[in-house]
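Below you'll find the structures, each written out as structure tokens.
Both complexes below contain subunit A, partnered by subunit B and then by subunit C.
What follows is the complex of A and B.
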């Protein structure tokens, strides 16, 4: 009876059971070996145009892994685990990142995922981890539209990009005489576009007159047309939203064309120390925004203060951390806390624990909304004074100075 | 009825396709995704093979049809169309584009045509970025997500890719025996000579490019549905065309099985390298490509054919 039944099943189903048996074997081997290790997968950009940021992100994850293991590991229920982050290079390409995310989930059998650098790549990978129901924490994927897709397993511990634009406008309210007109320009790309929109909306809500909103293409080698248009609009304040190279070019060309508004803001670019050295005196008085600075005064588990973090990071990697690495380390701390709260490695339980989480890390307070975005994520406004960035807004989160307005014209 | 070589070839293709269709039951998620990538690149390479391998027109910018197919499908799906209703657009839109642009562009010869196609790809990426609105501009375009379980969803995509690939290989094979294929080969060797012989070279070239575009566009359409988010820089990524070119060279230009063999080798090798070398993988891949170009200028298929020949003279 059974024999004839088996014969009747045909070739395909036999192949299938063979495959399933093989898979089950793999699965068993995986759990047997990984019994006391929690694996977290991270496909980050180590080559390609996001390599710089990708390496900072990897270092942040690695810092968390080593710090937690040195502190004895992660206690879940009555069992203590070591943590291990598995890295791959996504070459700054969504297609590769998708493939590697699949590899992390179905071959390396990781328990959780740490996100890639940039929202564009995360948009491709999050749909995979979502299908497999694997919790993903993506500290450097903060585009608002990524979190509007209804993903249930995706979280970011950094503030969404729309939120980070707000303090950059609010700081203008604190100076006198209050600026009247604002111009906004940005590169035509996912993240800068969202930032430009958020700047414009906040400026209008706060009663500033937005006299010019412009875009320039990715990879533009000459921005003098943009600067000429800005100059014609003659605003008190110019806010720019771009990446490192285009922002340097824009600020230089503004200077060359003798356009000196009372204040110039440049999204996230000032975080990169090279920008300040390349611009030299032209960097003086520039304002920008960041998620994290070593002078911040938040405290939390594993890393007790931002000053300690900066010191330990420098000792470990031989260079200073920036907010990319800090956000990655904080992502690990958030995950660790959620796993502890859940008392289990089950993804659904950890997902629910993340949704109910309310905590503070050295990186700032954390509380997720239904979209998976951190509604308490702080962002700070910095200004370059005498060659070094100083926090000027908001008061209280860190040691702050007063903003210099109008900034002295660069020579 | 006699069993001819035609029957044998068809039978072989059907058997191979069925075997490929059974693969998902044996593979885990990663290998399935890799197999899907291989099938996708084999389709793109098949498309390239039609215009480069047969007609001798070096369409370096064939990626434009990949992006065009991806965007046609994504725009239609975001307008509320179902996947099956949108997929034909991923075939028709690139075909139409090739038909319209082939008229002026295929009059260019040699490097000029190659450069024009590269420019076409860049121009299209720019056009989609600037259009904004329904194309999503530089922000890209996200596709509706189905709530299928991963195994089922990704198997379906794999099967679609394999089915399309089988059709593409059949079309290439048919082309190799059809007057159009003969006309293309004639104009590849000597275009003015072919014209003198009474071949309508312009129509033949345009037809070839339309077939090439249809294949490439379909791959792009299924890819967009698979990856769920596209932007101009990923859909019109020139590297897609470059990779297909390398695959075509490895497999054998103008052959029927070449595209599949090239895609299989390059992707498998790439995957093995990724897994082993975190920092050196690009260097190693580059070395492989240089070595292949030096050692196997004609590709693998002609090499195998030559190796098999001595066994035959007994006939």
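What follows is the complex of A and C.
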């Protein structure tokens, strides 16, 4: 057994070094052909359980690279550079991401790093790039605790998880009669817990009475106990924080047990199109949150509007972009602006430029705090109306409709 | 609220019971812990979904189809794979059924992708109220059918020649040969029966849960707990243990908080087993191979 394993590893590592040699050659050829190339390394998940998200992220980076090169490249001081994103597959695993990030920096000599999908993997990436003092922009790493670790070279242009909960509570201030009581339930897991805490804090700060906070176990086969407890608390509004399956079950069981609060909110679940078809009429009036939508009205360099982005993306890739791809393209734009402002490729200079940056991209306004988090990152509240999600809050960020409150009881 | 909690628990427990009977029979008769059982549940759910979305067949009417289809699948897998694999060592069945589970789930993903689907007949979401207790129609139907299927299965095992042959094979597969019973064939029938019940459970689950390749996984914990609690191989034990498990979950959720519903249910399960290791209705010799 041990013998086979060793053999296996030997074979794998030989395969890896072969691949490495090939890549190194390829890299050399690249440098030889065009001296003036800025290289950005991106170890993203192309296989494994985050493959779908990883590919969406890669497409966003690729969109930026091609758009910028088509526009003539990036001007730094008096020199104009082409940009090239170097991709590796992290297999959806943090350890692999760490290894690949090390390789990107020390062997491929990339100038900067683009982050992977998910905070868990980004933690591994950032630990390495931090050691080498290489600026890392991770658009899809938004867990608050990742940015509480004192990383000095890590940035994200998306809003942090905790922040995305805020508009979901703030929108309640805009309706009349103003709801008095809020109940919050979520799955007992990393992201939902952060979201539940953030919802609770904002609701209390805004003067809503939080009458019930509950957590249910991962993979629970039945949530009627949650619904019964919610019903007993009788809140005006229920905010849920979970993933797709459990949220569907919860909403269905609320309906089955005849619990119809005036408004029901969910975290990011409504962005998955089949959730709406699975829930059918019960999806009507649900609210949720997202980072980006083609109808957003922000504008910025390289990509002048979200509508243009959606159109160009569709032409390039044959399908609609979602917020993952958009955030990746925006990450490129943010980096490009910071390099221009710094007038140098030096990582210290670019890091300082990022910290002083204040700009708007099609994805939304950007300003980083000391942690590297985008304090202006917008998130939008959507509501399902006649089967389609429309943006209802905040006003001005996108084409919006008025929120329907109270929601009509689904029948 | 306490009545509502009890009703919730019992209605859920019926589904837990029906989802576990097949698992329990296979374990009791052959000593095989069938890890592909939840995959059979998934297949049942997809049969209900396919017939509903393509032909508009009511998911309650597709139950017989699920039962027949899954019986054939279970019978076939037992004859072609498990009977052969377990010739050398019964423990091999773990590996084999785990592999079968992976294959079935991945075939489902190939055919249907990992998207979610729903089976929503006209009565889904409807409920009625008795004395302040809300009772969802779908869950009552599921409960009643689970009970009927359990009863049918009980009668089959205890009142028919085939059932007697199955029980006898469970007791001693060597002796039954002298009585003209072919244990391999009986194993295949028991496996088919187990799969058929899983298919029926999956068909029923499709009305309640979103249909995804992982719908069966919801029941893996319940299948183990209910089987062991009820006594391995005991149909009536399964139904009663299923109800008890649903009830304990609902009550512990309401007393200790929702986040503890599974922990406290398992604690009580361990307590019962300490007092009665063979389960509530188990006879010591079942499942000892």
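As a convention for this text, the second predicted complex is superposed on the first by the 371 of 411 C-alpha atoms of A that agree within 3 Å, B and C clash if a C-alpha of one lies under 4 Å from a C-alpha of the other, contacts with A are read in each partner's own complex, and residues count from 1 in each chain.
Simple rule for what comes next: a contact is a pair of C-beta atoms (placed from the backbone, for glycine too) under 8 Å apart; a residue touches a chain by one contact, two chains touch by 3 or more.
As the structure is a prediction and not an experimental result, all values here were calculated from the model.
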| item | value |
| --- | --- |
| Which superposed partner A:188 touches (first subunit B, second subunit C, both, neither) | both |
| Comparison of subunit B and subunit C by subunit A residues contacted | B |
| Partner chain(s) touched by A:217 [first = subunit B, second = subunit C, both, neither] | both |
| Partner chain(s) touched by A:47 [first = subunit B, second = subunit C, both, neither] | first |
| Subunit B versus subunit C as contact partner of A:282, first or second or both or neither | second |
| Partner chain(s) touched by A:229 [first = subunit B, second = subunit C, both, neither] | second |
| Subunit B versus subunit C as contact partner of A:252, first or second or both or neither | second |
| Touching partner for A:401 - first (subunit B), second (subunit C), both, neither | neither |
| Subunit B versus subunit C as contact partner of A:274, first or second or both or neither | second |
| Common interface residues of subunit A - those touching subunit B in one complex and subunit C in the other | 188, 217 |
| Subunit B-touching residues of subunit A, taken from the complex the two chains share | 11-12, 15-16, 18-20, 22-23, 26, 46-47, 87-89, 91, 93-95, 98-100, 102-103, 105-107, 120, 123-124, 127-128, 130-132, 145, 149-150, 188-190, 193-194, 217-218 |
| Subunit C-facing residues of subunit A, complex | 185, 188, 214-217, 219-226, 228-229, 232, 244-245, 248-249, 252, 255-258, 274-275, 277-280, 282, 410 |
| Touching residues on subunit C, where the partner in the complex is subunit A | 1, 4-5, 8, 12, 16, 115-118, 120, 125, 127, 129, 134, 136, 138-139, 208-210, 212, 214, 217-219, 221-222, 246, 249-250, 253-254, 257-259, 261-262 |
| Contact set on subunit B toward subunit A in their complex | 22, 25-30, 33-34, 37, 126, 129, 137-140, 142, 145, 148-150, 153, 227-229, 231, 233-234, 237, 274-275, 278-279, 281-282 |
